[in-house]
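Here subunit A shows up in two complexes: once beside subunit B, once beside subunit C.
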Partner chain A sequence: MNRGLIVFILLAAAVPMLAGVAGLPRPGDPQAPVHAHVAAHYVKEGVRESGAANLVTGVLLNYRAFDTFGEVMVIFAALAAVTGVSSVPPGQRPGESGGRNDSPRPVSPPISPVVAFIIRCTAPFIALFAAFVIFKGHVHPGGGFQGGVILGALLMMLSVVFGRGTRDPLVPPPLAAWLQAAAPLTFAAVAVVGVLLTGYLLGFPGAALGPVRTLMMIALELGIAVGSAVIILGLFQHMRGD
Partner chain B sequence: MSQGFDLVMLALLIGMAVAVARSKDLIAAAIIFSGYSLVMCLLWQHRGAPDVAMTEAAIGAGVTTILVLLAIGRTRRREK
Partner chain C sequence: MVGLWLNIDYAAFVALFCIGLYVVLAKQNLIKKLLGLNIMETAVFAFIVTSGMVDFGAAPIISDDTTGPFASPLPHALILTGIVVALSITALALSLIVEIYRRCGTIEADELKGVE
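Showing the complex of A and B:
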């Protein structure tokens, strides 16, 4: 395609976008529509109603629990789609006889002792930080997703040193399948608990049952964290060719 | 002061984005992209969104970079 046409198309796309940005309210404007409806209520009553000092977690897990349920389903579906689409059927893997690609797989080089040593030294601290972010997510910034990703990065690091290849995986495949579905399963369980306690799906009890409410929230955070960590590990191992 | 920090970060972001697009060495591009995520993380933190900053640091700078590097490892290092 010629250059002039590309520039024209880009300009034609940029002008309406910039016009839209110019029409946005100023950041922090108290009169902005986003602050006029539910946000004021969340800021005023959120801590008392949801029991989470971190308002972000309060909105994610309590007011918008259905959205978060959908999000964890999307992440789980993404992993299923990636593994489903890019899996090589048995018999066609490189190295197997009769496959369409007969070149032998390159043997991965042994891991450097420096890297292995540093991973062994830092792993406990990363695990502790991940646990802190997960379990204190309703009080401090952080939560299930963030802690889960840190945990997933830790699992990736560990699987570089230990558990290489299909014969010796870090997490046994039958267990991994259940753990990958941990987030949707936990959400479903908490939804049922909500029905029993309040009569609503994913309903959280009020301040009278504060400890139960906190437990439900921590269960959700833990489920989301384990789910995202194992999903990230699964993507990593899949890309590496395990 | 506060605006100045944002402006410097935004200038860095644009510079890094151009560098990623222009780099012929894909591994260099992946590392610069990781730096882009790190600057983005500082920007989120500075704008008062620590939750997003943590996710950006872990996913953007960490996991995505490793997945991109793995993908490069299965193809070619240099762009034609």
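Showing the complex of A and C:
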């Protein structure tokens, strides 16, 4: 694409956007519309209504649970699409037939004993940190979902060190298939529990059943965490060619 | 222009967005185009999250020993969903790029035009 056209497109994008942001209320203005309406209601009543001290968690898992359900389905659909796109049918793998990239499969070098030892030593602490983030995240800034990613990174490191191949995967394939669907399945289960308790899909019971409500939220967080951990591990093993 | 000067944070995100747009338009390498797309996404996320902040505000975590004003939780929750969708797009695009390289041997957009 030639330079003049690029400059024109950039200007055509930048000038209206700059004109738009110039008319917005100043960032941090307490009178801005973003702090009124529903947001004000969430801040005022959110803890009592949703039972989550972290209002972002309350909005995600309670007020806008349908939204999050859709988000979980998007992750799952993306995982399915990635697996579908990148899985090569047998007989067409590079190296088996005359593909364009006919290089032999690189033999991975042996893992350094220092790295293996350090990973083994730090693994329990990483697992503890992941559990801490999952269970404690809903009352701290940032939320609990990242705990799943920490767990996934730990599983990835372990599968590098122990170097298991297709014969003996870290998580057995039938179990892995169910665990990868953990997040949508947990959401569906909690939705059904909500129907039984309140009569509404994904309905959370009121403050009278507070512990049940907290349990449902922790179940959702755990489901999302386990699901994302196994998805990350699955993508890694897929890329490695297991 | 006074409004633009007050909203210099927002103007910075517009600049970041334009950097990403430039990368998408000008670069031929598909991975660089994807990086540009990610820069654009980051600009949008930062813009919306910034709009939720409030002067001298705290994170919207309510307990007995926290006092307001609190940042608006709504932009944070919306952007969390947006980040996840962006991540899914990135993962899918990367796997498509790997597949393109496997089949065509190149990921340069101008070279791909000649490949049948």
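Assume the second predicted complex is superposed on the first by the 226 of 242 C-alpha atoms of A that agree within 3 Å, B and C clash if a C-alpha of one lies under 4 Å from a C-alpha of the other, contacts with A are read in each partner's own complex, and residues count from 1 in each chain.
Following the convention adopted for this analysis, a residue touches a chain if its C-beta (ideal position, glycine included) is under 8 Å from a C-beta of that chain, and two chains touch if they have at least 3 such contacts.
In this text the structure is predicted, and so the values were computed from the model without any measurement.
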Assess the superposed three-chain arrangement around subunit A: do subunit B and subunit C clash, or do they fit? fit
Looking at A:Val190 after the superposition, I want to know if it touches subunit B, subunit C, both of them or none. Which is it: first, second, both, neither? neither
Which chain, subunit B or subunit C, ends up touching more residues of subunit A in the combined arrangement? C
Which partner does A:Val21 contact after superposing on A: first (subunit B), second (subunit C), both, neither? second
When the two structures are overlaid on chain A, which partner does A:Ile232 contact: first (subunit B), second (subunit C), both, or neither? first
Is A:Met156 touching the first partner subunit B, the second partner subunit C, both, or neither of them? first
Could you say whether A:Gln146 touches subunit B, subunit C, both of them, or neither, answering first, second, both or neither? first
According to the stated criteria, A:Val56 is in contact with first (subunit B), second (subunit C), both, or neither; which is it? both
Under the superposition described above, what is the C-alpha centre angle at subunit A formed with subunit B and subunit C, rounded in steps of 10 degrees? 40
Is A:Arg64 contacted by the first partner subunit B, the second partner subunit C, both or neither? second
After superposition on the shared chain, which partner residues are touched by A:Val85: those of subunit B (first), subunit C (second), both, or neither? second
Lowest inter-chain C-alpha distance for subunit C and subunit B in the superposed arrangement, angstrom: 5
Common interface residues of subunit A - those touching subunit B in one complex and subunit C in the other: 54, 56, 141, 143, 145, 235
Enumerate the contact residues on subunit C facing subunit A in the complex. 1, 3-4, 6-7, 9-11, 13-15, 17-18, 21-22, 25-26, 50-55, 57, 59-63, 68-70, 72-77, 80-81, 84-85, 87-89, 91-92, 95-96, 98-99, 101-105
Within the complex, subunit A is touched by subunit B residues 50-51, 54-55, 58-59, 62-63, 66-67, 70-71, 74
Can you list the subunit A residues touching subunit B in their complex? 54, 56, 133, 141-143, 145-146, 149-150, 152-153, 156, 232, 235-236, 239-241
Which residues of subunit A touch subunit C once you look at their complex with the stated criterion? 1, 6, 9-10, 13-14, 17-18, 21-24, 26-30, 32, 34-35, 38-39, 42-43, 46-47, 53-56, 58-60, 64, 67-68, 71, 74-75, 77-79, 81-82, 85-86, 88, 94, 99-101, 139-141, 143, 145, 235
